[in-house]
Amino acid sequence: MEEFNLTILFASVIATATPILLATLGETISEKSGIINLSLDGTLLLCAMTGFVISYETNSLILGFAGAAVVGAVISSIVGVFSIYLNQSQVAVGFVLTLMARDLAYFIGNPYSRIQGPQVAHMPIPFLEDIPFLGSVFFNHNFTVYFSMLMIFACWWYIYKTPYGLKLRAVGEHPGAAFSRAINPRKSQMLYVIAGGLIIGIAGATFSLSTKAGWGRPQGAEGTGWIALALVIFGGWNPIKAAVGAYLFAFLQTMGIHFQSWFPSVPAQVFNMAPFPLMIFTLLIINFFQRESIILLAKDKPLLKTILRKLDNTAPTSLGKPYKPDEY
Amino acid sequence: GDKAEKKANKDEYKFGLIMVGPHNDHGWSQAHYEGGEYVEKHIPGTKMIYIDKVNPADRPGVTIPQIVDDMVEKGAKFIIANSDDMSDGTLEAAKQHPDVSFIHISGDHALTGKAPKNLGNLMGKMEYGKMMAGYTAALTSKTGKIGFLGPLLNDETRRLASAAYLGAKYAWEEVLKKDPKDLKFEVIWIGFWFNIPGVTADPTQVTQNFYNKGCDVVISGIDTTEATIVADQERKKGKKVWAVPYDYKGACKGTASSCLGVPYFNWGPSYVKNIKAAMAGNLKSEWVWAGPDWKDINNEDTSAVGFEAGAALSAENKKQLDQFIVELGSGKLNLFKGPLNYQDGSVFLKKGEVASDKQIWYMKQLLKGMIGQSSTK
Amino acid sequence: MTIIKEENTTISLLKDISLTALFVFIFTTLIITISGAPPFEAYENIIRGAFGSYSKFGQVIKVWIPLTLCSCGLLYTFKINLWNIGIEGQMIMGAVFGMAAFKYIPGTCPAALTILIAFIAGLTGGAIWALFAGFLKTFGGVNEIFAGLGMNFVAQSIILWLIFGPWKREGIASMSGTEQLSEPLWLSTFTKMRISPTAIVLTVASILITAFILKYTKVGLGLKAIGSNMQSAFMYKLKPTSYMLLAMIFAGGFAGLAGTMQVTGVYHRLIPTISSNYGYLALFVVMLANYNVWAAPLVALFFACLNVGSIQLPMVLQIDSSLSGVIQGALVLATLGVQSFKTMKKKRREYNNSNGRV
Amino acid sequence: MWIELKSIHKHYGNVRANNGVSFKVNEGSIHAVIGENGAGKSTLMKVLSGYTSRTSGEILVDGEPVYFKSPEDATKIGIGMLYQDPMDFPQLTVLENFMLGQIKGFRNSEKKFKEKLKKYTDELEFDLSPNAQLKTLTIGERQQLEIIRLLSLGAKVIILDEPTTGISVEQKDKLFAALKRLVKEGKSVILVSHKIEDVEILCDKITVLKQGCVTGEMEKPFDLEKALMMMFETESKTPVRSKIVPGKKHIEMKNVSVSGGRTGLHNCDVTVRRNEIIGLAGLEGSGQGVFLRCATGLLKPYSGSVSLNGKNMTGKNILSYQKENTVFLPTNRLEEGLIPGLTIKEHYSLRQKSRSLFVDGAKASSDSKENISKYNIKGDPRTLVESLSGGNQQRLLLSFIPDDAELLLLENPTRGLDIGSANWVWELLQDFSKDNNSTIIFTSPEIDEILMIADRVLVFFDGKIIKDVKTDDTNLDEIGSAIAGKV
């Protein structure tokens, strides 16, 4: 019965990847400015809940998405304020928030669980959807999917092609030096953490209003945040590579169901774990290739050098390190 | 005022309901919850205490004996545990509280003799409901590909999946007279009664996968409503697909366009019977398998299981279904009748042999002709 | 002079605690009100749910045990400045190893001995799992947070695979777990509270051992030294790598012990969610206890009360029990906030003072 | 544009980095600010460039008082700074580094800036490729880029903080040529330096800082001896050098290259014999620190070999070196030697040799009391080390030298000690060396101290040993010019 329809397979990969892709992009922006927003997993859930509840109560999807985005921004701004202005460990605060936001979502969302609510409507793009193969894979979805695909390029363009993006990268690399160049590192870090939070919020609402429509405990979005965090690393803090990671993950996940019939002894959910060993492996590689001896070895070997450059997934230099202005 | 209230409380007969899922899951647990409400309505002076989401994912660290202790402290004299998952815990708690009556739903301690005197078992004969589900699915299906969204693997789930298959097979071969080879009935197990992210396979994705593979009807065997929600979404995309949810009479609500109908449990009457017996002090440790009231399977005061036809079921097929129900009820038609083989080819029922209750209850494999895992080897 | 200073710190500690509590109280009251439930009744129910009867308090102790064990483990890693987020996975692997012992030790072996071996196995399992993360950190340069997080998910997959695969019940594949242990392999319990004296003794011993090691041995001092300034370690012939691995072994060992305890003392089988999030919660506990060995069990007790008491919320008030998690999170967050404000104030004061002297 | 500083104070907690500094910088001149390490030069410049806010005092630009909240404000007025610690972005490209701080808005104006960059590089005869990643450039090239960037921002006063550390002689010449050209155009330059030679070639006026205060000013022509006096207060110390007969080979380095520090260490070939006392001279960060860390096993060479007492130690870790009775005392006491957060007693507990698992509290107490009195440390066993004064931290560190030490590697051992204490320390060390037949290798920023104590001097420049000479065969001038790269 396993006849494969590649069109359908890829289309469903694109569709399922949407929220995780958005979350990955949001986190990438935040981390690009140097702040690890570890609250991702809980924030996604809280935003999924907010999005659903608001849309349900107001019957407006737009308000739902907007509300979720605001909540995402609020949570990430807590991470921001604590780590940027109050000198607390980003990790500690993010971690506390991730558990707390999750519980808050369950608590507040309790009365809304398992009820039918509004959903984002299917919206094939006229003409484009008729292109063979590509049309069904890319242009036969709902708005959130198009939005997420757009966001990949928007983020990439913003980060690498605009002056603002240059400043963003500068802050993540060396906030002190950025300060000497007319950039206020604290303000921009705050700004980008919040911007990331907005996108994460939309990712959350995408879960409850489209990908896994509805609210409940569990919603189904649980754990996605951690995966997104892994994907940011896997993608080397580059939106396009991160997107590739997200799609790869969605592919693995979709395939997981087929794997059940191919490898009956392995439970399907084991395949959900794939990003984590990949993340650890990526980090090992990053570190390995930054070793002095390796760099020296590659010095006059152009091939090895290019490989190294391709694998070079260096994190923003000041990622996770608090920036302290030179005074108090 | 306070004292009077307390006094009134004292006269109340409290019974506790422990549910595995949310009490508003539009599925298994909600059916129980409404059964409890039915008791409150029909036996004056009874009061339900309930706790839902009792499973290790939702309430980590919480055990059945612990909850029972608490309910007994709150005055419960009768406890219903509604999941197969609670089997060990209920047994443990029943031994700890010999003066409280227990009903473990879907279990078999009373059948195997493990149960103490105060513990009984209750289940509905859902295999009939599932036959109807399979029957409508096959009648409606254009492609002949039917997906069964299975929960975890055990005797009960194998029994229900097989029953659905038998219903579908009957419709396909005997009613539609189509080629048996064209009927493809596949089961995928997610690992639990409902989705636990990261632990079970995701039912939303499994359902989508069914539809992507060309199935046009998905029969849900799990406690929650993902199948109908996905079916509805696919319909909005223009796909002609249907779903059959499970457990709860109101499960079709909101997804009318895709819902063919729902086989459901009606726990109220059985609860009333048991609690009344317990109040009178003559509840026995019995293993009860309550069937439908064939006169009217949807009679809420008499029938333990029913099938509520959905809006997406065509009038013509609905008529066929009614006919099918009549035949089942009259005993003219028995789908658990040989020759039937297990999936691995071994004989389940010899030609002409009719399965006993016990044979059906302890279903060791899926049936030949079904696609999917039979057991985890 | 020192005495005055100490008095001051006690008073200011009390001030901080009440300020934190006030924040959290206002916040949770607000949240409960938003959810439409009466806040004070909710609080009352939580308290009653934790202390209302022997069996309820026994339940609190049952939660307190793994929470405290994990906290003990985390004290070592925090001491050396490692964020052992992998504690959750370490607890899972402890449970898996413990269960393996129960499964494969023949029934002819005396129950007490089997249980002892299971505990040792669990401890080893947790420690091995922690060592993986430790090696990734020390030799692979992978941040312990990401290493630990990754290992958690891997552990989760392993336990799922076992429960759905090789260790499944006869004919059944359900996340509800493996076959139950035979009753002699359960930790025996006091009847009324249903808590196991063995478990309590082990936990109290763990606290005392941890306090002793951290306070009076070179290991404790070494952990503290490296945690405070790794760069100077060579002056004292301390090997940061070895100490980090040692801290991980301790953390994993205690977590593994907690995992086995859940198997033999609480669930009597292996379930996928055997760790019950206690590892993560223990991170909260230790942060809130300000990394103090004596405060940690108290905070753990408080958290256990919240966890157990909150089950009353759905039963009595029909609101979700996750309120306890919200309160716990808010507490830690508020504590961090109050701390920051204090250091900022102190710095400002110093700054002003030094200005004044110009 | 001329600038006047009036009574500038900058305090970091207890530290008074600048303690009332006043002087004036004329238009179209090159003004030098010199002083020893920690004199407060960088702090003052950061105040002037708006990077750091001042505690008190006034800055006048063309007679108008100004207040800078950030470097941006200073740039607007026309003050730009090249920082001592590189303030650029190694991961970004040359062009991106150039653009940062100049660009605004959404428009991608790479082309415009590429042209601008080219204009300036041509003008100053620099050679920078816009698309190269900055981390592939040398320190000198990175400085060139910074200077260009400042000019492009319209800087009229350019502050250079130690620009000549770590760059080659050609690059230095290029830099100086460029600076002279700029001054001709009417711009002013403030040059912060250790190197009196550089200052002599380039500058019109010198201000000397010491301990946060101005201790002297001087106009061309300079009396360098006097300037050095103002910097270091070289009072004559009692010469205590004792004649020692070198013994067997103690430590030997063959063609060793190590990375680390500002410059790393390149192709180092040295043999040190037992009983020798060797002084390492050189500007801070010229490779001496790396040499010591390599000799004690803290840094591992990527090429070459190290042997101790004839044993090959290449690639071994510090513990193996310690087994060979090597002791290293670093100069960053609180970062690399002591452990903030621990008390004096805990430090002695940590150093206990016994194999016992338990801390011997009584012994630690008596150890600390004994050493506190022997080394004259102002504190008690319960004092946290970070609250000791710098000098006392140094004494504590010195007290850690074990009795059986054979090879003492001391980085700036008298840093922060007054002269009396310094002499006392040297007496102690020399006695120790005599009694134990041990070798001492030490660094010092003060040539005098080296000439006074050491039997042999190694001069480091840009990560290389450029001079290796017996003290008897050399003099202050020779070493001084070697330090500046002239052999």
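Labels for the chains are A, B, C and D, by order of writing; each one numbers its residues from 1.
Quick note on the criterion: a residue touches a chain if its C-beta (ideal position, glycine included) is under 8 Å from a C-beta of that chain, and two chains touch if they have at least 3 such contacts.
Everything numeric in this text was worked out from a predicted model, so none of it was measured.
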Taking each chain's centre as the mean of its CA atoms, the one lying farthest from the centre of subunit D is chain B
Whole-Å distance, C-alpha centre of subunit B to that of subunit D, is 78
When centres are defined as mean Cα positions, the distance from subunit C to subunit D in whole Å is 46
For the pair subunit A and subunit B, the C-alpha centroid-to-centroid distance in angstrom is 39
Listed in rising order, subunit D residues that touch 2 or more other chains are none
Contacts with two or more other chains occur in subunit C at residues 153, 156, 160, 164-165, 277, 351
Note: subunit B residues in touch with at least two other chains are 53, 57, 189, 191, 196, 198-200, 373, 376
Chains touch in the following pairs A-B, A-C, A-D, B-C, C-D
So, in the complex, the side of subunit B touching subunit C is made of residues 49-53, 56-57, 59-63, 65-67, 69-70, 73-74, 84-85, 88, 151-155, 189, 191-192, 196, 198-200, 364, 373, 375-376
Seen from subunit D, its contact residues with subunit A in the complex are 46, 49, 51-53, 70-72, 75, 81, 83, 86-92, 96, 99-101, 103-109, 259, 302
Subunit A residues touching subunit C in their complex are 38, 78, 82, 86-88, 91-93, 95-97, 99-104, 106-108, 110-111, 217, 226, 229-230, 233, 265-267, 269-270, 272-273, 276-277, 279-280, 283-284, 287-288, 328
The residues of subunit B that touch subunit A in their complex are 22, 24-26, 53, 57-58, 145, 184, 186, 188-191, 195-202, 204-206, 208-209, 212-214, 224-225, 229, 233, 236-238, 253-255, 371-373, 376-377
Per the touch rule, the subunit C residues reaching subunit A in their complex are 31, 34-36, 83, 85, 136, 140-143, 145-147, 149-151, 153-154, 156-157, 160-161, 164-165, 277, 280-281, 283-284, 287, 319-320, 322-326, 328-330, 332-333, 336-337, 339-341, 343-344, 347-348, 351
